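My structure is below; once you've seen it, I'll send some questions.
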Amino acid sequence: MRFPFPLALAALVPLAPTLAAQDTIQFTPTVGYPTFAVRDPVLRIQPGTVLVSNTNFGAYYTEQGGAFPGEVGPIYVEGATTNDMLVIEIIRVRPNYEFAASRINPNFGGLASDVRVRLLNDPIPARRYVWRLDHEQMTGTTELPDSRMGSITIDLRPMLGRIAVAPRGEEAFAGLWPGDFGGNLDAPEVKEGTTVYLPIFHDGAYFYFGDGHARQGQGEVAGTGLETSMDVTLKIDVIKGKTIDWPRLEDDEYIMVAGSARPLIDAFRLAHVELVEWLEEYGFGRWDAYALLGQVAESSVANIVDPIYTVVAKFPKRYLGQ
Amino acid sequence: MRFPFPLALAALVPLAPTLAAQDTIQFTPTVGYPTFAVRDPVLRIQPGTVLVSNTNFGAYYTEQGGAFPGEVGPIYVEGATTNDMLVIEIIRVRPNYEFAASRINPNFGGLASDVRVRLLNDPIPARRYVWRLDHEQMTGTTELPDSRMGSITIDLRPMLGRIAVAPRGEEAFAGLWPGDFGGNLDAPEVKEGTTVYLPIFHDGAYFYFGDGHARQGQGEVAGTGLETSMDVTLKIDVIKGKTIDWPRLEDDEYIMVAGSARPLIDAFRLAHVELVEWLEEYGFGRWDAYALLGQVAESSVANIVDPIYTVVAKFPKRYLGQ
Amino acid sequence: MRFPFPLALAALVPLAPTLAAQDTIQFTPTVGYPTFAVRDPVLRIQPGTVLVSNTNFGAYYTEQGGAFPGEVGPIYVEGATTNDMLVIEIIRVRPNYEFAASRINPNFGGLASDVRVRLLNDPIPARRYVWRLDHEQMTGTTELPDSRMGSITIDLRPMLGRIAVAPRGEEAFAGLWPGDFGGNLDAPEVKEGTTVYLPIFHDGAYFYFGDGHARQGQGEVAGTGLETSMDVTLKIDVIKGKTIDWPRLEDDEYIMVAGSARPLIDAFRLAHVELVEWLEEYGFGRWDAYALLGQVAESSVANIVDPIYTVVAKFPKRYLGQ
Amino acid sequence: MRFPFPLALAALVPLAPTLAAQDTIQFTPTVGYPTFAVRDPVLRIQPGTVLVSNTNFGAYYTEQGGAFPGEVGPIYVEGATTNDMLVIEIIRVRPNYEFAASRINPNFGGLASDVRVRLLNDPIPARRYVWRLDHEQMTGTTELPDSRMGSITIDLRPMLGRIAVAPRGEEAFAGLWPGDFGGNLDAPEVKEGTTVYLPIFHDGAYFYFGDGHARQGQGEVAGTGLETSMDVTLKIDVIKGKTIDWPRLEDDEYIMVAGSARPLIDAFRLAHVELVEWLEEYGFGRWDAYALLGQVAESSVANIVDPIYTVVAKFPKRYLGQ
């Protein structure tokens, strides 16, 4: 079997077996790509595989202006077709580096003018904050140079900013983009214990992941979370014969839809409309579902900084009935 | 005790006793107004008064197309000036009627075309759901005529949709409007245990409240919560010599700002920018505060159905330092 | 002839003659109001009256920070009911003062953060430009202190920023607001030769006008036009038994709808949807009209600075058929 | 010299000379691509070349649901670098086919719910209109099946919907996308007599064009113009050592910037902010330029249907000074 891998992986290719379902595979990525797109896979797996891996590491985590290391992938999932959906069970996401960095940026951020929200005001300054991570206590600590308290320690809530399949057709979106293909959702809900369902636009799905955040606020309003690299364990599976339009998520408490668009209201609406359609699958009438969302829907603004924004619409599973 | 009502107001005013601070007053409203505006007060109180009252009751709660009963107020707070801020401690909000109603509406709602989001699509149908409230169990139950489960029972989380002062100048906003004056925030956070701080645009503040929701989802996406009347206990006070631009809220866990605007992103931004400015009062540097919001901010989309939308930006009090 | 002014209104009303249709009346306003609302009329006229008047003059036109003089009105139109529409034929709008002022403002403007678009950037500076008007040549000239050319002379295109009826119910919108009641449309199309049709929300219509702009760009992007006072001649009439939802305009070339909303796309859409409905009155099928707009619609962004924005959608009259 | 052309062009490759500047070249495209991206060029030219060519023809123009033929390009411009800008002088754009098609579509369009503006309303119907083009009279005629007039004839105003360079990095945007790279601007201003300036993100520029509209309304509100194929003459040149952030346009009357973004206000703002910066190059002070736009700016909403919208901001050249 041939795996046309990028450069540095060439040596590994001949050794990479086709994995049997349910196998656990240890995978050490050696390349990171700057776009979500169909390209030669870095790995081929069987549905049901548990992948033990890590996000890519790079200068982005260690120095001001360092380049982002790019995503892990694409991983080709054997037998996955455009009539199916991809299922990613997030078993483990934990920081594996003792520092994380956060920033504010004159060209990128939610509460100031930036490259997409151009105004005549002077831009805000750039700043970089280095956080020391305590992997035992699961806390992060940084200096706050202009603040009375001098420093702050916060709890970590590790998550993956990016989880994707290749987008439709020949499109290639830069790593900053979320979309119906998943991508840079920057949703704190993409954490241990959550299962992510993704549509499939190409046979094999071409799965990508990366962009660890040791913690990120809702909206990621300043443009970054606590950016660092992660150890990751994912179970990657396929549900045959079922398609979806937008990424769906599920944890113990909620079924959720991650909708991405600008303006923010359109992201909010399409996440909730897709949630109504998911509720119809559970036996709710369309208008009953809509009416009920008025009382029990919850939602989270995941990011307001990416090229399009992401909103996660949530329905409590306790109200799904049996 | 006498309550100076509209119409006969002039005659009654001289008789209306000035309440001593810290008094508890029982007030039964007899009129409801359709706008937030300066008008003859229905009551005059001293700062520090605990008000035991109820929201207005009307046909809106009992029949399809019934008129909304309007808000309670305005209540004139003695000594409150435009250099101060009003403080409303929400001690109690409980349904006092055995039913609540929710609706979907072709002219008003967040996931369909409506009077402000006009499109060429056919409008959606109108529906009204009657919920039977169990005040002991704090649950509500309704029929779901088109759904497999036939009916549903949900927990109640009572709140006030509207809490306001009179807006600036001679403006009069219909009861559906939120704004910097508070108003129809439709924020689930306006519940027992929350303190609401409001700017004051006229001496006396001209405080209003109403629009009970036995439960409301985030975004109030279908246009209504479980609409019903409430018993309400509020402590109404004034902080002298301190002004704010937008309503602030506080509970055990968070300091919060309720920003209202269309588009949704502008509501989101102004709530967070005002939150940054509040954090500066706590000793955070401006850019430190902004950067930190990227990691620890939470937020809630309160409504996406009113003439302008409301977003509540939240900062965990545990990170405020001592 | 009597003009029933506020304050002494009760005494004057019995004396105010009812004007005969087609009369021309010369009216000199002596009061300006800060809101569009139902209040005691300054004048009562018969439908068909030609009103020769002027906009209010005030410190706004003469000094930095000077107060805006408010609108002329309300004018009560006898026989106008909520089943009718008001017709304002703009016969003459000409500057009557030798100066105009334009500004940029840190709190108000379209290309910078302002009170509704709050961001963390530093605000832009305030500036005031005085323009000398040449009423013969119909030009205006101002200094450009930071520009190589030193000064500039531009052609005048006089218009009225505000043309309104009282909004529905007890609402009172400050003079900056446009809406379905007209108001501060800030549309360059409201000029000599244009007829404006307004919905009527109260018997008598309560017509207002004011806010002369000797010239204004599309979008009024910096927040003001060439603000000055105007001589105005309007024919004010009523079309019985016909109602509209949003202001309509007509000149030799176009039928037009002025839709006002935030976000901008909603203003754009509702202007065009109402235009489709107007085309249906002309005999176009709904989908034919929509399809045809794709090829021949024109539009103008009137303002992006007011509390809600205004877009004027236009259809060429030459394509209306006979 | 080697030109790695796509399939059908293989035979031509060895014959394709490097063109001398100022040459006129006749080029018949044989392939159309579905994305704007760096790929093997279909042609290499010298700056200053006049290209006589045509847009691609395909089933999109002849049958319901027919596939879009894709863009012509990429054309590699020798010597063009990322420090330069590309200059496209539009000498001729004329329909070369006797029919054009326009559509309304339930999944794509500006005045109804669609794939990006998802709502719970039922979708609108699909329709296709065939227009017979008269190349002499420059008119188009179609049936209006539901309209009293039965059919309509309109004047043609031919334009190119798409004019682009390859976007930055490895990104590949589908042909529906506009952006800072140009692309699917769908701006009626891209017509004979207009010069388009584009930024360059890759050496060689990788120029694309296509998507003829025999006529298109402002906003392209129904989703299409009069779609047909065109004969095209373009002079393609480079200005060395000058970079721009967004496409600029120029005709006899205006200098213009085409800004693309969602929401619409962001497209509006960035077009105008870039216009302010262009005016600074002409010697205007920044705040003078901003203030002046308030009086003399014009603008055109080019499209409100593409993945991001396009607004063209315009400044009259007569006010540029000498």
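By written order: A, B, C and D. Residues from 1 in each chain.
Convention: a contact is a pair of C-beta atoms (placed from the backbone, for glycine too) under 8 Å apart; a residue touches a chain by one contact, two chains touch by 3 or more.
Computed from a prediction, not measured in an experiment: that's the story for all the values here.
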Touching both chain C and chain D we find A, B
Of all the other chains, whose mean CA position lies farthest from chain D? B
Based only on mean CA positions, could you tell me how far chain A sits from chain B in angstrom? 35
Between chain B and chain C, the Cα-mean centres are separated in Å by 34
The distance between the C-alpha centres of chain B and chain D, rounded to whole Å, is 49
So which bits of chain A are touching at least two other chains? 111-112, 119-120, 124, 263, 265, 269, 273, 276, 286, 290
Chain contact topology (line, ring, star, complete or other): complete
Within their complex, state which residues of chain D touch chain B. 111-113, 119-124, 263, 265
Chain C-touching residues of chain D, taken from the complex the two chains share: 102-104, 109-112, 124-125, 127, 129, 144-149, 152, 154, 215-226, 263-265, 268-269, 272-273, 276, 282-301, 304, 309, 311, 319, 321
For chain D, which residues count as touching chain A in their complex? 34-35, 37, 116-120, 169-174, 261-263, 266, 269-270, 273-274, 276, 286, 290, 308
